[in-house]
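You will see two complexes here that share chain A, one where it goes with chain B and one where it goes with chain C.
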Partner chain A sequence: MTAATLTRPASEQTAETPANRKRRRWVFHAVMAPLTLLWVAPMIFVLVLAFRSFDDIAQNGTAAWPSSFTFQGFKTALGTGAMGRALWISIQVTVPAVLLSLLLASWAAYALSRYAVPGRRIILLTMLAGNLLPPQILLIPVSRVMESLGIYDTLVALVAIHVGFGLGFYTFVLHGFMRSIPSELTEAARIDGAGPVQIYARIIMPLCRPSLAALGALATTWIFNDLIWAITVLRTEAKLPVTAALLNLQGGYVSNWNVVAAASVVAAIPTAIVFFAFQRHFVSGLLMGSTK
Partner chain B sequence: MTTVAAPRGRRDRQRAVPAVVWLFLLIPALVEIGMVFWPALNSFYLSLTKWNGLGAAQPVGLDNFRDLFSDDVFRGALKNNVIWAIGFGGLSVLGGLGLALALNKPRRGVGLYRSAIYLPMVFSLAVTGLFWRVQYQPDGTINTLLGAVGLSGLEKQWLADPDTALYAVLVAAVWRQVGYVMVLYLAGLKSTDPTLDDASAVDGAGAWQRFRYVTWPQLKGVNTVVFAVTVIDSLRTFDIVWAMTQGGPYHSSELLSTYMFQQGFTFLNLGYASAIAVVIFALALVFIITYLIRATKEEAS
Partner chain C sequence: MTTAPLSRRGFLAGLGGLGVAGILGACATGSDDTSGTASSTLTLQSSLSDADPKAALTKVVEGYTKNKVTLNTIAIETFRAQLPTYLNSGNPPDVLTWYAGSVARDYASKGFLLDVSDLWTGSGPCAGFSPALKELSTADGKQIFVPTNYYWWGVFYRKSAFQEWGVQVPTTWDEFIQVCKTIKSKGVAPISMGTGSTPWVASGWFDYLDLRINGAEFHRDLLAGKHPFDGPEVKAVMDHYRQLVEYIDPKGRSYSWQDAVTPLNSKKAGMYLIGAFITSAVPADGVDDLDFFRVPIIDPSVPVAEEAPTDGYFASAKSKNVSGAKDLLAYLAAPQSQQQFIQLSKSSNLPTSQQVDTSTFSPLVQKGIKLLNDSKAITQFFNRDSSDELQTTADTALTKFLDRPGDVNKILTEWQANAKKVFGQ
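So, the complex of A and B:
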């Protein structure tokens, strides 16, 4: 699957007898293989459940060996369960929110890293601090702010709060990266007559592509997976994104475990795709978050 | 910022921050002020009022906070939050660190194991919650497995039993978090000095001694980050509890965040809910500062 992507070049060479090493390798796999299986078992179980029929589950229980195979669970989840609509809403929120977050964050990071803005360190840390606040302290006033802006219960509000809340973190990470770009590059461009905007667009942004990709992968999963902001700024059921719709569906299809399982698989697939497609970026994005 | 610039060059640049660059900074800053800092300040004000969302908020001084401490549900939620922080933090650090140590050295299959373990991290907490709700069903995998190994006496309605609900949710949350902590520790281990480990091995130090006296001290930086991140995360925890139990049964899995949400959005006790939010903030503050200090150090280096 993805075995090769994360292994690092061998750096440790320990002097061991071949037999000894072989035994250790055997012990390693004997422990890790069952553990890993146990780890993925809940996912596999839900996946299998999603393809079973309602009658099969009702008769034999959720934990029984499957004796049916049907797409009915998915059909119901995507259709009357509204997961199809919710998926489309989530995309409409996630794409603009990720792009806007990265755009605005790159502006702020550019200004703070390449120009002697007075107090830039304080500004940077204050922006980061904003992202570390517990969302609970923002929920009630944010819903009020959205009301007074006249965008409460619209997807615009959801995009706005995702951008506002995430900005500090993205700015901090991008700032760290932009700072490491040698000033000779931008100086040379400046002498050639390039203005700040050209330097930003032609030199800094292209060089930031790796960190933008990593942050993008991370932001996509964060925003797509959000629940609390969605239920804070949205009221109408027909406007809820995937996570919130999933919880509603769970209430409406109590004991229809195949539908619930199918819906959670539907909700999990997009981020799983992002993960497998951008695994390397995703992991480096997480690490950016840690060494900040 | 740049160490290369001569004093004069630096002075030149200080004089000239072009207007457009100010704009670059101002627009994002204003967005964050409007969406984060202004609302946060409002919460502090609201916590000193009584308000149901209609009309004007009535200032009541510290009444909300006084009420909080005689509120059994709040005290229970606070206690649950402490259990949560310790359980969630402790288990995910133990698991993540253990797995990172096991999967640190490149061997065949390591990449596959790592991917499998941090895969749950990409799922939303709501999805994670549902995945586990299915397992915890009365006829779900967990009870079935217990029955299969002859422990049917332990079978329970895990999420409907006030004694187990919180821990059942905790297990699901840890399942998702371990991979993340593992990634952090793997990165930390990568930056440790392998020659130290080898040298102490040559000197005859056992595996535990090497870990305790050679590797562990080098992980100090990662530990700080993991500690701060986990505590901040546990105070924020909301989604997974909301998805699995909504704080029930009988508030047995209530956390501060879920109680705050109920008070604010179900009962419209906006002042009281804001007071809970302020308590959450106050508890998180120390760890936010820890995190920021560490960020400052990274910044300076």
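So, the complex of A and C:
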């Protein structure tokens, strides 16, 4: 038994002919193609649904083969559904929240990684621990805090929440990255007369660009796709971001699935653009922790 | 050297402060154009997120010119969850849509609702409403609710389908079971019921069977915690429910109530006990073919009762503009507003004001009015006659029951235990 298993790898290695490799590739495709199809099926389903008419869906059900083609869903979503306005609100929340949280996180990470701040380990762990708390248990306290600050039902509140909740994780990731930058670089700069601010702006930040890009892409998707905080601190319809507006399209009595599907497609476009633009950084950014 | 760390910190702090102030400031100026004028503008928080009712309410509010009104429509499930927060906040919306009955009384007992008794007296807009509606809107001797429309429940079916299958509208329980048998023999599911994401639909049959067997008074007391769910009366209800289980489309277990309308439309299911709002989920050409009948009588000695859930508005006790809020309520309750809303929302809802001319309403709605006028008692619906918490216990129990009707006794004991917890709170 043992002899047989020991000899097999050797014989396999010699038998690695092109034909064998080709067959293996064929098996790979045969397995992966259906899996891929399964993976994209929901998206295709939504896309098809978006172009069907309401009467068609009501008559034949959502899963039926489409028997109509119309842009009515998109028209309603952008018209009475006000997806355009909601998209603009989402951008107004996402852009400042991402920029501000990355800026603050990079300051914090810079200080924690380059200077002997007392208790920096505890600070860092506390920041990370805060991230482990499920946001659901903080919904009511946070909405009360916003209320007492007088910013309940404003976009400022939403930006502040996203900055606050993102900060811990971003600082942790940036801290890890900044620590991997050799200290000789900053020491050399210091010998040349650069102050802390100059070192931060001219040495550290340019070197952190890949991790900042990855975090930026991550933060954008998280904040853009957030629903729970939006519906917790906002109550004016005209201030609802795209996710909450999407939820509003779904009525208690009727669900115009074609409108909901069309609006979902519209809502997915910005995050898709950000993702594709930063795709390279995204993947390398996710690997950041593993190589260290 | 000693000044370096100080100046660095000072510089960083200054920079940070500037940055935050600048960015937050930019946001604030970008978004506070509506909140700045909130004190003089009335806010109407609406849960009517369905397309047609939303458009209708927007139109009705546009017709109100005395005060500026901001209409906020929030998806119903979000609204339900956020309602306590809305009412409890420092600057609450002035007027809100919601349901009459126990749910409104519950909020009134916490002191959240504005006393609108003056709208119900003298020449107030609600003075002409029926005594039953007044009683429904009263908590601790004060009126806290303004009902504007209500709807009926019935067993909906397609006229052409019944003709095809050669069945007649049943009026008694035995006839009803016979109809179910006939429809089933044609290979069609007799009863459609979407209890997947909307498990409360299962309470419809429970409510009606209880109303038909034990009567409205017992039903109200049961939901108020005065009778046990594992008593002989509820067991009798469940015995009848059990006879239905084999006729209920099993696929409905994974449908929402809306999805379960589709089999009815395509004649793959025969009947559906649901509210009149079903008409909004039926394609335009199917509405004329749609009809309904009263849930069959089981015990003729029990006075006929029907469910007629009532919708309307209440105002927040903390409203900054009480006279404005009352004025808006009065406008919304006026006959012409009611009529405009019902017609534009294309719903099959009925007006609460007796001055609304209903002769132009569709034959289906006329039939609904007649159904309710012929009833001896009116109930709301399980959750509206009790609370959302008790509804959850019903959802759990009835979902289990539909899966395993044989375990009915065990399920009822569990239900009673859960209900006790709700009432014990």
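Keep in mind that, in the parts below, the second predicted complex is superposed on the first by the 248 of 292 C-alpha atoms of A that agree within 3 Å, B and C clash if a C-alpha of one lies under 4 Å from a C-alpha of the other, contacts with A are read in each partner's own complex, and residues count from 1 in each chain.
The rule we apply is simple: contacts are C-beta pairs under 8 Å (C-beta built on N, C-alpha and C of every residue); 3 or more make two chains touch, one makes a residue touch a chain.
Quick caveat: nothing in here was measured; it's all calculated off a predicted structure.
Residue contacts after overlaying the shared chain place A:224 against chain B, while chain C stays out of touching range. By the touch criterion stated above, A:59 is placed in contact with chain C alone, chain B being left untouched.
In the superposition on chain A, A:197 makes contact with both chain B and chain C.
For chain A, the partner touching the most residues, choosing from chain B and chain C, is B. Of the two partner chains placed by the overlay, chain B and chain C both lie in contact with A:247.
In the overlay built on the shared chain, the residue A:256 is in contact with chain C alone; chain B does not reach it.
After overlaying the two complexes on the shared chain, residue contacts for A:156 are found with chain C alone; chain B is out of touch. After overlaying the two complexes on the shared chain, residue contacts for A:43 are found with chain B alone; chain C is out of touch. Legend: residue contacts after superposition of the two complexes on their common chain; A:208 is shown touching neither chain B nor chain C. In the superposed pair of complexes, A:96 makes contact with chain C only, with no contact to chain B. With the contact threshold set out at the top, residues 61-62, 104, 107, 140, 160, 195-197, 231-232, 244, 247, 250 of chain A are in contact with chain B in one structure and with chain C in the other. Chain C contributes residues 4, 8, 11-12, 16, 19-20, 23-24, 26-28, 30-32, 34-35, 43, 45, 47-55, 70-78, 82, 85-86, 89-91, 93, 256, 258-259, 261-262, 265-266, 277, 280-286 to its touches with chain A in the complex.
Only residues 1-12, 14, 25, 28-29, 31-33, 36, 39-43, 45-46, 49, 61-63, 104-105, 107-108, 110-117, 121, 123-125, 127-142, 144-145, 160-161, 163-165, 167-168, 171-172, 176, 179, 183-184, 195-197, 200, 221, 224-228, 231-232, 242-244, 246-247, 250, 257, 260-261, 263-264, 267-268, 271-272, 274-275, 279, 282-283, 286-287, 290-292 of chain A touch chain B when the two sit together in their complex. For chain A in complex with chain C, the touching residues are 54-55, 58-62, 76, 80, 92, 96, 99-100, 103-104, 107, 140, 143, 147, 152-156, 159-160, 195-197, 231-232, 235-239, 244, 247-256, 259. Taken in their complex, chain B has these residues touching chain A: 1-2, 4-5, 10, 13-14, 17-18, 20-22, 24-25, 27-29, 31-32, 34-40, 42-43, 46, 102-103, 105-107, 109-120, 122-127, 130-135, 137, 139-141, 143-145, 175, 180, 183-184, 187, 190, 194, 198, 201, 222, 225-226, 229, 232, 235-236, 238-239, 242-243, 256-257, 260-261, 264-265, 270, 273-274, 276-278, 280-281, 284, 288, 291-292, 294-296, 298-299.
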